[in-house]
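Quick one: this structure, given as structure tokens, is what I'll be asking you about.
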Amino acid sequence: MICFNSDYTEGCHPAILEKLEATNMEQTEGYGEDAYCKEAAEKIKKACGAPQAEVHFLVGGTQTNVTVISAALKHYQGVITAKTGHIHVHETGALEACGHKCLAIDTRDGKLTAKEVADFVDAHFADESFEHMVQPRMVYISNPTELGTIYRKEELKALYQVCRERGMYLFLDGARLGYGLTCSENDLELSDIAAYTDVFYIGGTKVGALFGEAVVITNDALKTDFRYNIKQRGGMLAKGRLLGLQFSVLFEENLYFKIAAHGAALAEKLKKELTDMGVTFYVDSPTNQQFPILPDEILEKLKEEYRFSYQARIDEKNSAVRFCTSWATREENVNALLEKMKTLLGQY
Amino acid sequence: MICFNSDYTEGCHPAILEKLEATNMEQTEGYGEDAYCKEAAEKIKKACGAPQAEVHFLVGGTQTNVTVISAALKHYQGVITAKTGHIHVHETGALEACGHKCLAIDTRDGKLTAKEVADFVDAHFADESFEHMVQPRMVYISNPTELGTIYRKEELKALYQVCRERGMYLFLDGARLGYGLTCSENDLELSDIAAYTDVFYIGGTKVGALFGEAVVITNDALKTDFRYNIKQRGGMLAKGRLLGLQFSVLFEENLYFKIAAHGAALAEKLKKELTDMGVTFYVDSPTNQQFPILPDEILEKLKEEYRFSYQARIDEKNSAVRFCTSWATREENVNALLEKMKTLLGQY
Amino acid sequence: MICFNSDYTEGCHPAILEKLEATNMEQTEGYGEDAYCKEAAEKIKKACGAPQAEVHFLVGGTQTNVTVISAALKHYQGVITAKTGHIHVHETGALEACGHKCLAIDTRDGKLTAKEVADFVDAHFADESFEHMVQPRMVYISNPTELGTIYRKEELKALYQVCRERGMYLFLDGARLGYGLTCSENDLELSDIAAYTDVFYIGGTKVGALFGEAVVITNDALKTDFRYNIKQRGGMLAKGRLLGLQFSVLFEENLYFKIAAHGAALAEKLKKELTDMGVTFYVDSPTNQQFPILPDEILEKLKEEYRFSYQARIDEKNSAVRFCTSWATREENVNALLEKMKTLLGQY
Amino acid sequence: MICFNSDYTEGCHPAILEKLEATNMEQTEGYGEDAYCKEAAEKIKKACGAPQAEVHFLVGGTQTNVTVISAALKHYQGVITAKTGHIHVHETGALEACGHKCLAIDTRDGKLTAKEVADFVDAHFADESFEHMVQPRMVYISNPTELGTIYRKEELKALYQVCRERGMYLFLDGARLGYGLTCSENDLELSDIAAYTDVFYIGGTKVGALFGEAVVITNDALKTDFRYNIKQRGGMLAKGRLLGLQFSVLFEENLYFKIAAHGAALAEKLKKELTDMGVTFYVDSPTNQQFPILPDEILEKLKEEYRFSYQARIDEKNSAVRFCTSWATREENVNALLEKMKTLLGQY
């Protein structure tokens, strides 16, 4: 069984395991105050062109989202998100469990526009009973989004501008950031993301690490006491160096981007060749998640050899599914999958 | 200035003030354990035909919704609500502040159907990553809804049936219950509501009381330790007798329904006569909230003498607004309003 | 049965009922934005000598404590309180339910000293794992305390000074404030309390009102968006004017203090005469709660005619109990109680 | 600098790294549903003699405590803990942030007795205003405790019995369980712990793993929907197999206990030899945390070469400090430390 159902099916890039082994019996400070965390933070700040930023390492995405958002908001404030946003749909209400409401906006492609955000916030403050509603105070986006789509530099700048004008924070969830920044349609650099958000994170779990997300805080207001928040939300790893070590390896000689580019390229190949076969897509994703629409009959046969995830029913006979590539995907597996699809589609 | 902007602009029915005065210097137990609360509870249970029910008195609606819902749910469970539901829109995230997510369903008229609920719940458990999503465990409806619409007996029974089959609680917010049960389109009785919900409340604040909501719990599972929940959510009034006294008056000789019928009848008059003038409505409400669509120009002139609330923009020149009647509305004020509108519409 | 078990056994001062009646059918704005609330706020600011203060009206004490404290704190911050503090013991964890920890300090008499607070806070920041502990950010005191004791002006000033120096808020719970400020040992004025706290409240429920607590915020940082917090915590009364009306009556011609002085004086009488009979006390309270230590045998007999509350077992044969007086206590009842005790003690 | 300041200064047992490497490029299911997690769960259930238990793997201790406790409690319920309990002191209020109060009991040695718990719970329900207080519903203990002390089998059985009789859950935090079960004073086996608690966890982070805690649930009532809770509290690791792999290695051929015994034995050596030197201890700990009381002057000199943690000031010239050993501690380092202390004490 070959797995394309997610981008966290394998362990980590071998260089990370090597590093873990080489340093295993060293004694270090706990809770992220060791030299490896400091080293990794420096590398990341440099890669972001943000020497004043604060970098923290957390274990997983849900934890990171909850920690960042609840650290930024007061009790009566909420976060604007696309209706498909991970925090709104796939975190078992972790954010609400910490007291904050997701203010969900319907979108076509998982992206929020500057205008949508501006209209939402302006409508809140124009409403005479505004104090009876959750106050919007942060915007949560992900890049790539849950649907694989990405923000153009102009779109991100416009969102940031709208947030600035309205006293809102902009938070970018970069669980799959590598695949976004290395796909061919991308025009953003890491430094743009640092410049046009207040806080964001660089996902390790899905891009070469065993686990780990690096939070980059550029807005001073969000830096205060951030470690209390990490601890309270259960994200302060005792052996924090494990996170520092991994990000230090990933940000050595651009490794993070090199391995992400591999995953992104294989997704583009998958997309292009499926398109050539006449397959259409649920959403036009340029990144490592591809959502082809295929006949249920073919999907049943594919399942015998491949694992992928179900996205949505399109009509009585067709469904959208999701195939993920990653840093660990082997090109021969993509080729075999394409071959198989070609055969099945030919017979259909 | 004549107010039609809400149904809580006046104090209370005079019989309540009389009772408060007559009993003012009596000494009673605190926190709802006095004889008046017991008396009122008995009257309500009788009116509901539910001798086994438990009745508790709380001060206001938001508090009541939060107390009931959070008492019923575990941390990872949420409540299904219409997207227009009061808990989702107008309680400043009080429920999320207690840790629970609103699972919002888009509706046309503020009402949830049995099928919508069944589909939502079934889709949750059919999803392979169901544990990554908030578990639906309660359905919240209001009758009348925020849009003034009401449930037919068959609709409520169907909802209750769907909830029974799926292990869900059905909670009915009756902040304006009197106006629903006394409007001419209604086919529900208080005993039906007790029979086809697990818990509901009878609104006093908007129907003749100074304040107060009577929670009626018919499902045993929800009775356990309910008073701890009331206290924790700040709803346990020290001089609890104030609540008992008010509901005891309201449920003496059917007063609650008599005064509600007054409000409902004036709304029907308003609706009928506006319809006769050619006015259309944002939603077809049979109860004490009416949502006519009127030219902005006319609304500006009405504002000089009348207070009403803004609902939604319809097009460049027209808006939907809300007029509320209540137990306290004077018929002559409705007549004058209609007269004024007729004149303004004639000149338009 | 004569009740001395609490200070909320009766309704309200007759002048309040009169005012409710006189204004009953007036139409006003909801949610505390009516003219009566404004009027009452002005009177209170004047009485406090604090023209820049913000005054809000809430329904009850638990709700008020939760609203004020959670509005002031971030998620990882907690509130220092005496171990006997109402928020720590008698609010069913309302504060923790909103996410905040009580940082409890053992006390002899229910009062916190400036030194205790300073030591606690300094120890927190001196601890190398301070980020693993809840950050102290507010001090909660009550005056009178749960044990009836009161703060001297110098003590309050010292506490405030310690808070200022450490970036902490000082919050005073004045549920029984009237009885504290009118007892003969008191040297504080309302204006001192406004001057030496960041926020406090004037209790109405126990001092002449049907219900209601007036929050006075003097620190600008705590004023921002306070109404969102009130709404979220369920404290925004629809007919907010009921609160405004009551406090407007209570702060007309010093009524609040006049009626409180009555309750305080009767407690002093009770204390003095019991002392003369040789009775000792659990704590030396100068206010309306008195905690005599009496033989269980006598308490059993007293129970036949009087209601009081149990405080603590002293030894095998003696217990401390609590007798409360209030604005509504009739002197003849105090006299009869004293007579009865004298007889019982004489026979013992 | 040699570190004795904690038991998480090194990486992991080499066998774990080997296993990670050997399986690195395998594709597995995410979120703990892989074969390695199943295998590890089976081994643990066998080691516990608890075939009906449910085993879940989480990343860290704070997260585990919060997840277990909040899964077990309703909103108005709290958890009894020693005042020194980790949840009460060192988790930045993580539990309160989820809405639950710690009901702290003062102890001499970090242990709760059956009688203390029984008295606390009985006093709660005997109090007439019990609904105004947090309802105790779970008892949290750790073994070893924060002070290194351990429970005797009879003590644990008695606690469990008290909990059974009062409808309370007993939860044992086993962050350092290995060091407790392998010290020479211990008379508990893993199967006793499974038998006399409702839920407990086996700590990996401090006993040979990179990270990870294995929760063992024996009470059926606590099994329901536990994975929703894990996800909501941020503890569901995407590459869950990392946890399964580690515990599978640790529970192969008793490795967990073998390596823990090493740490426990070195602590006993440290304790014995310091005692021989005339050193006294803050608490009589039989496990891997030792709390000698030493002159500040000597501690200053020790700090030049050794890292240890500060516990408490004893008097003007002496402090209690903490030295931890672990699976990773090298005997030669303990010897050198003892040698150094001997010299310093000789000169003192």
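List of remarks:
When the chains are written out, they are named A, B, C and D in that same order, and each has its own residue count from 1.
Heads up, the rule we're going with is that contacts are C-beta pairs under 8 Å (C-beta built on N, C-alpha and C of every residue); 3 or more make two chains touch, one makes a residue touch a chain.
Predicted model, so just to flag it, every value in this text is computed and none were measured.
Listed by label, the chains touching chain C and chain D alike are A, B. For chain pairs A-B and B-C, the one joined by more C-beta pairs in contact is B-C. Centroid to centroid, with C-alpha atoms defining each point, chain B and chain C lie 34 Å apart. Chain A and chain C have centres, each the mean of its CA atoms, that are 50 Å apart. Each chain gets a centre from the mean of its Cα atoms; for chain A and chain B, those two points are 41 Å apart. Among all residues of chain A, those that touch two or more other chains are 75-76, 91-93, 97-99, 131-132, 135, 228, 231-232, 236. Listed in rising order, the residues of chain D touching chain A in the complex are 1-3, 6, 8-12, 14, 17, 20-21, 23-30, 59-63, 66, 91-94, 97-98, 205-206, 210-211, 228, 231-239, 242, 328.
Listing the residues of chain A that touch chain B in their complex gives 75-76, 78, 89-93, 96-102, 104, 128-129, 131-135, 309-310.
The touching residues of chain A, counted against chain C in their complex, run 31, 70-71, 74-76, 98-99, 131-132, 135, 225, 227-229, 231-232, 236.
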